[in-house]
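Structures given as structure tokens follow.
After this come two complexes, each holding chain A, first together with chain B and then together with chain C.
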Partner chain A sequence: MMNQNKLYPWYFAGGAALLFFLLCFVPGMLGIAFSFTDWNNFSSEIHFVGLSNYKAVFLENSEYLKYISNTLIFTVVTTIMKTVVGMALALLLTQNFIRFKNFHRMVIFSPQVMSYLVAGLVFRSMLHPTTGFLNNFLRSLSLDWLAKNWLTDLHMVFPTVMAVDTWRGMGYIMVVVIAGLLSVSPEYYEAASIDGASFFQKFKSITLPLLKPVLINVTVLNVTYGLRVFDMIYSLTNGGPGNATGVINTAVYKEFSKGNLAMGTTLSSILFLVVLSLLYFIIKSMEHKEVEG
Partner chain B sequence: MKMKVKKVISLTLAAGLAVGLIAGCSTGKESGSANEKKNVTLTFGSHQSGLPTSGIVQELAKDFETESGIKIDFQISPDAQWRDLIKVKIDSGEAPDIICVDTPISLASSLHMDQYSVELTDQPWVSRIEKTTLAAVSVKDKVYGITFPGAKMYFYLYNKDIFKTLGLSVPTTYKEFFNVCQTLKNAGYTPIYEATTNGWHQVLPLFETGGLWLNQDPDMYEKLNENKIDLDGIPSLLTIIKQLDECAKAGYFGEDYLSNAWENAKEAMATERCVMTVAELGFRGQIEKEYPDFKATEKLGAFVMPWGDNQEIGVNPASNAYFINKDSKYKEEAKQFFDFLARPENLQKRLNGQPELSALCWPEITSKYTKEDQAFLDSLTKANVVQTSVNYIDSQWMDVGKDLEGMYTGALTPEEVLKTIMERRTEQAKLQKDPGWVRK
Partner chain C sequence: MGKAGKVISCILCNAVAVLTSLIVIIPLVVLFLNSFKTAGEANKMTLSLPKEWMFENYGRVIEQGKLLSSFLNGLLYAVFSVVIVVILVSAAAFVISRNPKGINRFLYYFIISGIALPINNVALMKVLQVLHLVNTQLGIILLYAAINIPLSLFLTYGFIGTIPRELDEAAVIDGCKPGQLFIKVIAPLMKPIVSTLFVLDFMAVWNDFTMPLYYLNNSRKWPMTLAVYNFFGAFEYSWNLVAADIILTLAPVLLVFIIGQRYIVGGVSAGSVKG
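Entry: the complex of A and B
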């Protein structure tokens, strides 16, 4: 074993490491470094300004804090919804009494291949208050009281955006969970059935524990996506009405287009730190439980 | 041996290259000085929207070539990249002889063409351009560019028939306007077509009513640019924001204005679902083209936006203009080209060859407006719009659109909208180290 380890000297990885260092690490660090400056579009000089950009985010402007809290809410809600709905669909579509399982799976997965921009634009027209498909459909069922201003009502818009995002993302989670479910050996279920376990008992004591590695991956994917969300919100509401659905990345986009490059990098650096720390804790906590279980 | 052969070959090649380069330089110079009229090619750099899609400018350039032998070589770049690209080109000395950029050029946030181009104040055609438009190509009373498109003016277009049936007359104050809207609403119409999803349309009432600002103080625009006064010193601005809010809450924009797109305005007006909307006079022609049964040019009248009791039409002279590169070898030839373009017959040819344009900023050329329109336009008092005269307004136009959207949904109060606009101005000014804001 020792010899095998030494078969490849360290510098074989050097090329890859150098490329990674130059193309990923250095620009990343530079980005963080720029957040301590007053870098902008209008002047070629760059001055060190210390933490003043961060102060502006956390102390002076409540708008940014709103974007951060919106991002966190979006992440938590969509992660839970996608996992729950995706898992429910996966359980349903692995049952034997369902016919044309693969067809159903394909239909539910299909939004995943659609671009976020297209999905956003399609939904924008479907959710139009008078000409949109959804409200017309509700009205035709005499459910007029359910027909809402989905994308312009301050109380409806964020749930709507999260629902559309869940619709688009759940298919992928479903596919991953189905793969996990199919790898669970049927003997466990057989044994449990002989012992007289109900469906929910089997789910709780067999399915969930054995799916844990899959669920960790799914959560990591959902959380990193949720924190970095941009396209869906940009195409559905562009952060509106007003700034009601603004998230960190729409704010970054806005700062860059205003020419305030330093503020853009500040917000991205904050996002980077949040993603990094959250992921660390998610993975740590799940690993821990797995050992216990 | 082999090495030696290689060396000899590479040296010969290098020498050949050097000779070629030098030769290239020298012939270039010769053609510049000796063959004055012939073999001159002027490069003309522009962004896509700087040249009409009908190709009329290229056609005029062909005419110019047959007459003078001077060729014009058009180099067209995408709109989004042009600003940055031309800056780099100017700085590296590779800019074309003639540069087309958007105007006005005197704002802090514009490209500072006065530093890069030849002064044209003494050219014979300068006096023939409309004064308000000339200001857009001038810095401190010195003219630097030549421009052609006529000014943009936004009116309320209204359905004359519906007004007549309901016994309504054109409102001249906000109160009258409000009452007109109420009558229209009672009659089952949507009084005003508004569309906020495009982001820009809802902002027009705020900054196209600059006449009110100038009535308060004729030097208002300069004072704003020097930061001697801020936007909260202009009561009419807040009044208008409040009035917009009031009309939105009263339902005068209809139910769906927050989901509407400007592209559907033609349909809304042609089907008589909506009675009024903010648009240019030329918009009627566009409606008629798509809905020939609805004779928009006859059926739609126009009046000045009465927000804040405004009665002066906002004139937006900004468009694009041509400038002569200060470092060009062919400044005289470029001036000759401008002279050619400024000839009345060529101005007329330009207007005729550009279907979307109703008028030029050269008063001697009769516009495509009807007699009635022209009389109406002549009868109006005009004032320059805010965004071409005051710094840091145009750059936040779309953001203001979102603020107003926020106000309509109840997330912001009118006062907060104003405060946000002011904060953004300050932020932009400080970023640009504007002397009015940052003391050095």
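Entry: the complex of A and C
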């Protein structure tokens, strides 16, 4: 019997652990510690102020609450939209009567390689109210009433931002669900067809249950992405107009640039604690994969 | 459903597929066409072909957007951080996957929690200051390596499990030490997962915008994303130049995507389907 600890020494994992510890874990912990202080760029002294930063976020009728609720709305809505659209596309593009399936799959997946920032900039130009492609196109169809100020109208802007994020992200869900669908044995469907099951019955009783692990995984990914979103919103609207599309991470950057470091780290810590409280479910969903693999 | 109904639904489904593809591709086609138009023509964004193909737009953008230096910066950050990730993560995944008990088990869950947990960018500034890494290229490379370690470890951990243990045993009987076992026996078998890591991490670093925004205040050290963002701010009404700039930023990742498509699609689905 070989000595496992000698043959597989833990320090082989030391480099990865050290780098992660120093640059990801320490900032997280230090950030929570600093959230109880008045840390800022204007004085070199740091005082303990207890919970007053958190009170400023939660107790008053503050702009911070707006950022938190925006973050939650963004997370829930984009997760649902990406999953529904991605799954519908996956079902559509695995049907035999669709022509050029692989071409469609590649096209719809392609925005994945684009950074969120660039996707944001592309749509900032496409959605420009006077020169943008979308409004030009609508006007050329004499649908002027549909041409809106997509990114400056207070009522339009948040749905627009979420739609653009869905545009960028739906291909990923589609590809993952297609991989899941292709791993389902066709015999199940054949047996169901013999029993006279309709498309929707097959979907509900065969496809959905078998896709459950895949769907849990992509939901976890979408939720953690949504809570942390920054690039897409920063490049599309920078949180504006006003603070209509501000989310936690755009607010963190705003406080950081103003030198208001304690508030920045408080907001970041709130996000950290929210995700930490979900971590159990996240790790569980990933363990499922190991069993599958 | 009758035969006619089937034909109609078949046509409808194909129409939906085509429409969705159009919605995805049209913005990119408009952008591509715009990048060859004159400023006046580009101002009215349409799908029409340029009256005159202005290839010099690209030359102007490369010069005025300082794209060459930011291209090289982006390449430097991506290549070095990916090399660091691949080395550290494959060594770590090897011992953790083979002996997932005690401290190894703890280290594994500790590191992969980073897949979900957000980075505290404000406090990270403080840490980088203490380490004298703010506004340095070394700092940004190490930072990119650190943030890409968790997902890479997770993917590699699953892969090592597929390499038979008998290989280790045979190597040990032949007198291999742990280091030799890893370098001579295991590492050569890791090519597929290393390709996946390379493609995924390269795209993640190349596309990142947050880290340079926070930690690089010298425009000579900016990667493509930050350069294109600032170019957009400065030339917001020269849509032709902005379009050319965006196309140039997209080109390298598109190239990596086309070459490594197999690994990307394999990697992302492995991350969610099999593990």
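Structural remarks
Just so we're on the same page, the second predicted complex is superposed on the first by the 252 of 293 C-alpha atoms of A that agree within 3 Å, B and C clash if a C-alpha of one lies under 4 Å from a C-alpha of the other, contacts with A are read in each partner's own complex, and residues count from 1 in each chain.
In this section, a contact is a pair of C-beta atoms (placed from the backbone, for glycine too) under 8 Å apart; a residue touches a chain by one contact, two chains touch by 3 or more.
This one's a predicted model, so the numbers in the text were calculated from it and none came from an experiment.
Looking at the shared chain after the overlay, A:N217 reaches chain C, while chain B stays out of its contact range. Of the two partner chains, chain C is the only one touched by A:S235; chain B is not.
Looking at the shared chain after the overlay, A:V275 reaches chain C, while chain B stays out of its contact range.
In the superposition on chain A, no contact is made by A:V77 with either chain B or chain C.
Applying the stated contact rule after C-alpha superposition, one finds that A:G264 touches chain C and leaves chain B untouched. Which of chain B and chain C touches more residues of chain A is settled by the count: it is C. Applying the stated contact rule after C-alpha superposition, one finds that A:Y172 touches chain C and leaves chain B untouched. In the superposed model, A:L92 makes contact with chain C only, not with chain B. In the superposed model, A:M126 lies in contact with chain C only, and not with chain B. The residues of chain A shared by its contacts with chain B and with chain C are 128, 131-132. Considering their complex, residues 196, 199, 255-256, 258-259, 395-396, 399, 402-403, 405-412, 427-428, 431-433 of chain B touch chain A. Partner chain B is touched in their complex by these residues of chain A: 38, 40-43, 128-132, 149, 151-154, 238-244, 254, 258-260.
The part of chain A that touches chain C in the complex is made up of residues 2, 4-10, 12-17, 19-28, 30-31, 34, 89, 92-93, 95, 97-100, 103-104, 106-118, 121-126, 128, 131-133, 136-137, 140, 167, 171-172, 175-176, 179-180, 183, 214, 217-218, 220-221, 224, 227-228, 230-231, 234-235, 249, 252-253, 255-256, 261, 264-265, 268-269, 271-272, 275-276, 278-279, 282-283, 286, 289-290, 292-293. Those residues of chain C whose C-beta lies close enough to touch chain A in the complex are 10, 13-14, 16-18, 20-21, 23-28, 30-31, 43-47, 84, 87-89, 91-92, 94-96, 98-99, 101-104, 107-127, 131, 142-143, 145-147, 149-150, 153-154, 158, 161, 168-169, 172, 178, 181-182, 203, 206-210, 213-214, 225, 228-229, 232, 239, 242-243, 246, 249-250, 253-254, 256-257, 261, 264-265, 268-269, 271-275.
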